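See the structures that follow.
In what comes next, chain A is part of two complexes: it sits with chain B in the first one and with chain C in the second one.
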Partner chain A sequence: MLGVIVRRLALLPLILLGVATLTFVIVAISPFDPIRAYVGAETPISAEGREEIARAWGLDQSEPERMIRWAGRLLQGDLGHSTMLEGRPVSEALLERAGPTLVLIGTSLALVLVGGLIAGVLAAAFRDSWFDWLVRSVSHFNIAAPSFWVALMALYIFSVQLNWLPAAGTTDLRGEGGTGIDLKHLILPAVTLAITQQAWFTMYIRNTLLEVMREDYVQYATAQGIGRTALLLRHALPNALIPFVTLIGVNMGEIIGGSILIETVFAWPGLGTLTRDAALSADLPLLIAITIIGAFFVIMGNLFADVSYRVLDPRIRETGA
Partner chain B sequence: MTHPHLLDVQGLNVGFRTKHGLVQALSDATFHVDPGETLVIIGESGSGKTVMAHALMRMLPMNASVSGSVRLSGSELLSCSERDMQRVRGRKMALIPQGAGSALNPVRKVGGLMLEMARARGLKGPEARERLEAVLGELGLAWEAVADRYPHQLSGGMQQRVVNALALVGNPDVVIADEPTHGLDPDLVDTTADQLRKIPERDAALLVITHDLRLAQRLGGRVALIYASYVVELRSSEAFFERPAHPYGRALLGALPERGGVAIPGLPVELTQLPPGCAFASRCTDRMDECSQSVPALLPVNDGAGSARCFLHA
Partner chain C sequence: MTAPTTTASTSGWRSRWRWAIPRRVPFAAGISGSLLVIILFIVATADIIRPIDTYTVDFAAALQSPSLSSPMGTDELGRDIMTRVFHGLRVSLFVSLMASVVALVLGGAIGLAAGALGGKVDSVLMRFLDVFASQNHLLFGIVLAVLFRPALGPMGAILLAVGLTHWTQMARIVRGELLSLRERQFVGAAINGGAGRWRLAWRHYLPHLLPAMGLGFVLLFPHAIFHESALSFLGVGLPPHQASLGNLLADSRSLILVGAWWAALFPGLMLLLTSLAIGTLGEYWRDRHNPRWRSELEL
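Moving on to the complex of A and B:
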């Protein structure tokens, strides 16, 4: 098992370098102009002015040159400076925005896991009942509905129409909370992000449980006079949970991607909104850093999936490979 | 009827509703066993014999339709509540599963699993553990050798002993062994047969479901031969292996290498389209006109050692 971890970690820099290069190429050929974004769409700018800005940011050099210089600075632990944020160090901007995103993702992940587990187990236990039907219908709806649409509807209904929850930001700026995150502001974005992920986890638990219930060892346990609840929770569920845990890791990319849309809709000042702004401003240093962090979490999620599988399943744990 | 049989099966029909139509798995199965008796249910794969074990323990899937009667010590099992049935399973009627390896939950340690199953039989606290240790000991296995390990860490022989011990730990009235030698090494077949033979000695009834004719002969007792969902011969084991009474029994034994090794001509009928007459008629060398018109009843064979579902004995 240690071998797997070491091998994957050894590959990590290579993969991240690939991701960085790809991001670089995409931004380089994208129609967004960092200088135009910097000065603003309406402000007239002379050719000399452009050159000056370009020289100051190193944009006058060829793309490969810029890439190499960027990589060289990275090796010294310098992520560069954001053009969009007027030269602010990228690392500083990232640190500031990481908190709200982690809170958002963490909360919705917890909601998805607990809710998905409970709903999935109950749907499997009462298969073909009205509850099962409800869970399946809601899940299919949530899979089909685009996340930004769900977010906008939630915003419209609960914030605009009912006025139950705040529409944007992490806290009430007029209040005494300062720049922290309060629960009221967290509810809408976290629940919406959870909704976009809910279906996979719920349906996965339900269907895997029903599948495992047909396995020989559950049949055998039935023949031993074990009751239905114990069959489901003690005999079937542990086997269904193994792939479930790995699903969390594999879905990391979905969750990170989803958070960008949700943060944008709810003006959540996290990495998601920062990503959008960086992309629209062609802010290369910032964008590459964010992409790399995203890729890092996706890779670690996959590694976690692989490792947890080995830890949880005694049959695989044994072989050690 | 003065004294009810221990297990009395009357006219048991089991069918499965599938998208290919109704699959008839058991037709009019009728037999009984009493304490200390052995009944070996013999059939080819797909003949319906595997359904028997699940039907008796009421563990058939949702799409099964069951009719007839299964009485255990006089009380009807087919109509009792699921709660009562749960108390029958394991306590009164125990199962030795086909494939011990896949019957043990792969993510549970064997000790905890065994304790849970012993407790499901009403054994409490330290008593459960003591009984398990005793039964395992009889089978030549120490509790410590298996308790802290996962099923896949045990050898095939140890896994087999674990499920055998679980079958016996509740002192059941009936033990059903489903294909007990399926996929076993030859030396394990011997020990399994020896262990099975000890079950009737404990005054339990033993029901063995198998396609292994040699195992059937070694176990003795009585034989129920199944062909295409029908019990076609129900006789003492001795009589069956010496003078099979049903043409299918004769053909099946004749297919054994030491008895000539002649294959039965033709293919078994599909369980979705059973003929109105005898299911074996199309392959039978003694076929008569009436064979394709109606299904014969189980008729007594004139040697007094049982009955056969064949017009030859009318």
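Moving on to the complex of A and C:
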């Protein structure tokens, strides 16, 4: 049990090294010209000026040398300097924007957990009823609907038409709210992000519950005369919860991708809008740092899924490891 | 059975086309199939049914809500949104199709190599695949699009961005199928019969892999459509003047704030219906053909 976790953790730096190498190699073989992107496509630049920038950025060294230097700085937590933000350290910019994104993702995950749990259990309890049908239809719709489109429509309905909720930002700049995050501003982005993630969780809960209900021990409990509600909540649900927890880890990538798009729609000043701005101004150091951090969270999510599965399910604990 | 002549003629028609018509088509698959036919018709005849130039500007007709002459309304420059949606759908479908082909070829080749050569090659390729698979699709796609945009142009960059982030699933499917194929008797017979490595791959492996690859391709397609439009929505996809579904949605944010809901509703609906139709048909095919694939193809 502990051995598996340790082994997986030992592999982690190797995969991260692989991710960093892959990113570096792709940048190196791509025809992208960072100096041209920095000065702008139309601006003329002299050969001396070009050399000066190349020297300042260390572009005049050979590629393996650059790779080693870059990886060394990465290990020290130095993610380079952003070109878009006039040479500000990337790590500083990331830390500044991480807060709003964490709040957004955390809130929507909580919504997904609670909402998915309730909807999934009810759909399984009243199988083939109109409620079940509704939950399944909505879930299918949510899987296929592009997240940013759902966000745009929500923006129109609740912000433009009904004028209930603010359209953008984290706080009302006119009010005395300061620079914190206003709950009213959080509702739309968090709920739309939750909607895009809801379907997987709800359907998983519903289907696993129905599957578990066919197991022997549930049949045994039924034979003993236990009520329907107690059966569902006390016997079936704990076992259906195991994949539920691991799904958060597996869906980490989807959640990160969804937050970029949703933040863009609602002008939420987090990492998502930072990513978009960096992409639009071709700010490579910033983009690469965000990508590597994104990969880190995907890997950690998978690890978390694996470990939590083993911790929560004694059957795997005994046979595995 | 006192069958009148009319039913006899339909059964004659049925027997001739029996190979093409499954006995019972589920409701959802039937709807999706019809929807897909309509979408393909729109894409094929966009120039005829909505021949107005995509870039026609008419300020007198700016921001009109849906009407008979323009059923999806007009944008801030007075351009007909239905025209832009139909032409954008064509662009989006074409780009996603090509990106899926890139993923299919790349994933197919790597999966085939890993599965057929085995041993060291297999483990090296699989670690390579693991590294690729742990990249976030959207983030890595953005980086690729930014890197290759100046050299390959927006279209080439987006093909690469979507193709390079989606091939891993295909490679896993092909490798998995191949590993179970290698244990089959006819493969051993072919080897004993003196078939070389290339002949084995081409004549014996590939034909058996095609159904799984085809299905993987179909299930990949809706993902490619979503990622193409997401990249365009973020501004690193197709150029802004080109009507693609993602660009239309990107433009619609500012229009929505002035109350023009139609600018966002219709492009998004088209995107939703297209991916829903293709996805549903793909799942129907999977369940009909081989339910075992269900677990492997959960994209």
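To be clear about the criterion, the second predicted complex is superposed on the first by the 271 of 321 C-alpha atoms of A that agree within 3 Å, B and C clash if a C-alpha of one lies under 4 Å from a C-alpha of the other, contacts with A are read in each partner's own complex, and residues count from 1 in each chain.
Please note the rule applied: a contact is a pair of C-beta atoms (placed from the backbone, for glycine too) under 8 Å apart; a residue touches a chain by one contact, two chains touch by 3 or more.
What you see is a predicted model, and the numbers here were worked out from it, not measured in a lab.
Undergrad: Contacts for A:238 in the overlay, against chain B (first) and chain C (second): which applies, first, second, both or neither?
TA: A:238 contacts chain B only, not chain C.
Undergrad: Could you tell me if A:67 is touching chain B, chain C, both of them or neither one (first, second, both, neither)?
TA: After superposing on A, A:67 lies clear of both chain B and chain C.
Undergrad: Who wins on chain A residues touched, chain B or chain C?
TA: Of chain B and chain C, more residues of chain A lie in contact with C.
Undergrad: Tell me which partner A:219 touches in the superposition: chain B (first), chain C (second), both or neither.
TA: A:219 sits against chain B, while chain C stays out of touch.
Undergrad: Thinking of the overlay built on chain A, is A:227 touched by chain B (first), by chain C (second), by both, or by neither?
TA: first
Undergrad: Taking the superposition on A as described, I'd like to know which of chain B and chain C A:105 touches: first, second, both or neither.
TA: Neither: A:105 stays clear of chain B and chain C.
Undergrad: One more residue to check, A:256. First (chain B), second (chain C), both or neither?
TA: In the superposition, A:256 contacts chain C only.
Undergrad: Please report the chain A residues shared by its interface with chain B and its interface with chain C.
TA: Touching chain B in the first complex and chain C in the second, no residue of chain A appears in both lists.
Undergrad: Could you pull out which chain B residues touch chain A in their complex?
TA: Residues 57, 59, 86-91, 94-95, 97, 99, 102-108, 116-117, 120-121, 150, 152-153, 163, 166.
Undergrad: Show which residues of chain C lie in contact with chain A when the two form their complex.
TA: 127-128, 130-132, 134-140, 142-148, 150-151, 222, 226, 229-230, 233-236, 249, 252-253, 256-257, 259, 261, 264-265, 267-268, 271-272, 275-276, 279
Undergrad: In their complex, what parts of chain A are in touch with chain B?
TA: 215-227, 230, 234-235, 238-239, 242, 312-315, 318
Undergrad: Which positions of chain A touch chain C when the two form their complex?
TA: 15, 18-19, 21-23, 26-27, 30-33, 36-37, 41, 140-141, 144-146, 148-149, 152-153, 155-156, 160-161, 167, 253, 256-257, 260-261, 264-265, 275-276, 279-280, 282, 284, 287-288, 290-291, 294-295, 297-299, 302
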